[in-house]
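Here you go, one structure.
Order of writing sets the labels: A, B, C and D. Residues in every chain begin at 1.
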Amino acid sequence: MEEIIIKYYEKPELKNPILIEGLPGVGNVGKLAAEHLVSALDAKKFASIFSKHLPPQVLIEDTGVVRLVSNDLYYHKSKSKKNHDLIILVGDYQGTSQEGQYELAYEVLDILQGYGGKLSYTLGGWSVGKIVTGPRVLGATTSLELVEKLKAADVEFSKDEPAGGIVGAAGLLLGLSQLRDIEAACLMGETSGYFSDPRSAQSVLESLAKLLKMKVDFTELEKHAKEIDDLTSKLNEMKPAVEPSGDELKYIG
Amino acid sequence: MEEIIIKYYEKPELKNPILIEGLPGVGNVGKLAAEHLVSALDAKKFASIFSKHLPPQVLIEDTGVVRLVSNDLYYHKSKSKKNHDLIILVGDYQGTSQEGQYELAYEVLDILQGYGGKLSYTLGGWSVGKIVTGPRVLGATTSLELVEKLKAADVEFSKDEPAGGIVGAAGLLLGLSQLRDIEAACLMGETSGYFSDPRSAQSVLESLAKLLKMKVDFTELEKHAKEIDDLTSKLNEMKPAVEPSGDELKYIG
Amino acid sequence: MEEIIIKYYEKPELKNPILIEGLPGVGNVGKLAAEHLVSALDAKKFASIFSKHLPPQVLIEDTGVVRLVSNDLYYHKSKSKKNHDLIILVGDYQGTSQEGQYELAYEVLDILQGYGGKLSYTLGGWSVGKIVTGPRVLGATTSLELVEKLKAADVEFSKDEPAGGIVGAAGLLLGLSQLRDIEAACLMGETSGYFSDPRSAQSVLESLAKLLKMKVDFTELEKHAKEIDDLTSKLNEMKPAVEPSGDELKYIG
Amino acid sequence: MEEIIIKYYEKPELKNPILIEGLPGVGNVGKLAAEHLVSALDAKKFASIFSKHLPPQVLIEDTGVVRLVSNDLYYHKSKSKKNHDLIILVGDYQGTSQEGQYELAYEVLDILQGYGGKLSYTLGGWSVGKIVTGPRVLGATTSLELVEKLKAADVEFSKDEPAGGIVGAAGLLLGLSQLRDIEAACLMGETSGYFSDPRSAQSVLESLAKLLKMKVDFTELEKHAKEIDDLTSKLNEMKPAVEPSGDELKYIG
């Protein structure tokens, strides 16, 4: 069996597409943001990535029909000439081993370059270990030009944050992009890391929308964030019993 | 050394065979069911699968002669035209790594397709963490048509069960079947998961027999189940000291 | 880098050699026995096996010069026509992963078959978790004929021992031999498993010497065993504080 | 994706270069020493080694620009004819798996031999589990000639130290050098192992400088060592609460 099997449902024609990545990770910030983008843009699934680097597991739909865990690629064709087409990567899991992480990220960049893409944005969370009310968005990029571009989209850069760099797909896609002459930036939403964090996902998407010069409808995400906000304000009243260790601050999905 | 070595004792001629899988797992339900089927049908071993994805271990027969741990394939040729030939997969272990799980399941589907097979049933257990008196059989399939077919054979479908999907060979064979245009369904017998559960295996086999339109003699299994029933009723009188965690509910052999 | 690198110091001409394996394991019985055989026969090292399946480690000789950890092959040419030439396998470690175990054992059988060898004896320990005064030698083989041959050399066969079969090189070489039409038997010396056990190694070698129709001088081993005997009799006077769990009984080096 | 990707920034012409290795390890002695050498000689980075055997992680520079974790090669061209050119290996991590350790070390020797190099020095720490005031430098080599050469450079050889040999890149490069007819020696600085130890790194570099017949300016390292000395003398006043176990003594970076 090949290490990675890609099943294409469609081979769309895309012009110089931008890759947006949002896989599960800290606070599920990247995953929530990317999935909301798929839904808000009504993006279309065109390929699934299966791999022995993902768990040997099927998920069961409500109908009783299964699907093998995967990473999935959606596309969105831009309606105006000034915008780019998009490829959005979402999925059930990140690669479960270090080697798997490399193989899967490398494969996704193969696909992006196959479509002539030269830029990718990865979305992730950045755990601060306490409830955050107005989550900042932190950035990291493959070039100084992109640093300036991100700052103009309200993304902050902070010398000591995140300490330890970025581990996982959101970071590795930047690192491997650098080796392959692809521009890439990571947007990390500040999050407690205690639960799935739609508020942080929204902050990330707001910056991303500015970068893409697109409008994104946040109604659904805001509703979901509001529910969590209510919950967190209740949690805020109760002091957390245990503070997370510094180690947890390092991981960014 | 190749990743997988297949030793054929015989190359039977089979017509459109159905694969039945029953490897070790929760409550050993699948293994007990498949081994009983081999015995009840007097199925014949035609191939053994050896692999570095199985433990580096030999088992010693009563004679003092060893055999390397393996997965084994048996066949049963149908006596009437209305029934299918069967290939039954049993074994000492499942693949011990994630990658091994994928490799072994993929290889078994290669063999099935080599014989022109287009359908497989995987048998497993579904742990509920408490003694079950009349075990239900839960299903999952690769298509809506199979869902209906299973319901007619007293297999239940439940939106929230099993939570987390199906992990291991019983699930992976469904997922990989989907990628290779093979129809597949999983029959999961409800079980406490505390011990080898012949009662649950019998429930699974009863549904399988309906699907295969075969009669299976359950005398041996019932005797074994009766012994366990006696034991479990005694255990039932004593309340379990520790409840298993929710995590354990996820794994299905 | 290849998975396995074999460095030949010499390519001896051997006639139908028998492989003797003794790698580290429970009570180091196999290792002690094989190393004593190398020394007693003044066998000559002709090849070293290096591999990424062994630890990334060098050992330092007293001179300050290092050597990379390895498995080593020695040969002994028979002086009389009635005896076989021998290849003796000793080493610093067994393969450290399941896959490594398979790869290394498979490679050793390649070498044996390259010399036309058709028989191998593997030497190991069998932990009973308590001090043993007159250690029995237990056997397991690839054929019924070998079972009879071993019984004539005072090797015992016991239905329930060792439970769980044989894990590691001593077992795997038997299992893989079976797949490659090589005859093989394992001699397991009973041992407490608490320390390196020369007494058990001597028992194993006594049986092996009968099988090989050779005389082996045990002076060195007996001296070493005597020291341990003195120690164990002292230990015997003090009751062991903790009984090892049943799990430990399974592993045979 | 290949297992190892090497990105060359420049292909320097080097004459019979000597490899100096200093990767992270116990007390970071080797890393500190090699990094100081890069800085003191103003050595130039000519290649980076990326690999799936390193963590899937990017580090973020103060500018906000990332770089994928790597091992890096610097060169220094000798100004006088009597000295050798140098290749200095530093990096963020050692290979994270046993296999990765072998692959990366083997690749580095490929590069060294590609430049006609025939000698390498590896730098590491050797943990004694207590504060050391005048750290000794211990040695290990691939030949008796090198033992004598090291002794003349104030490197000590001790029969029982380090027990268990040398694990990791510093040892493996010696072991693999032996297989490829490269001369190699390891210089291990005595260190508590409790923190990054510039004092031990300086001792190692002093011996190395004698071997290379070079002068190295230690001002920076001494300043750093002085700070740590102040700290350790304070720590010395407080007795350590817990003694490290003997196991920790084995590992040499």
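We adopt the following convention: a residue touches a chain if its C-beta (ideal position, glycine included) is under 8 Å from a C-beta of that chain, and two chains touch if they have at least 3 such contacts.
Just so we're clear, the structure is a prediction, and the values are computed from it rather than from any experiment.
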item	value
Other chains in touch with both chain A and chain C	B, D
Chain at maximum distance from chain B, centres defined as averaged CA atoms	D
Equivalent-chain rotation between chain B and chain A, CA atoms, steps of 5 degrees	90
Same-residue or different-residue interface between chain C and chain D, half as cut-off	different
Separation of chain B from chain C, taking each centre as the mean of its C-alpha atoms, in whole Å	38
Geometric centre distance via CA averages, chain D-chain B, whole Å	53
Contacts with two or more other chains, residues of chain C listed in rising order	none
Contact pairs between chains, per stated definition	A-B, A-D, B-C, C-D
In the complex, chain C residues that touch chain D	1, 5, 7, 50, 52-53, 55-60, 62-69, 96-97
In the complex, chain B residues that touch chain A	95, 98-99, 101-103, 105-107, 139-144, 147, 150, 157, 159, 162, 164-169, 171-172, 174-176, 178-179, 186
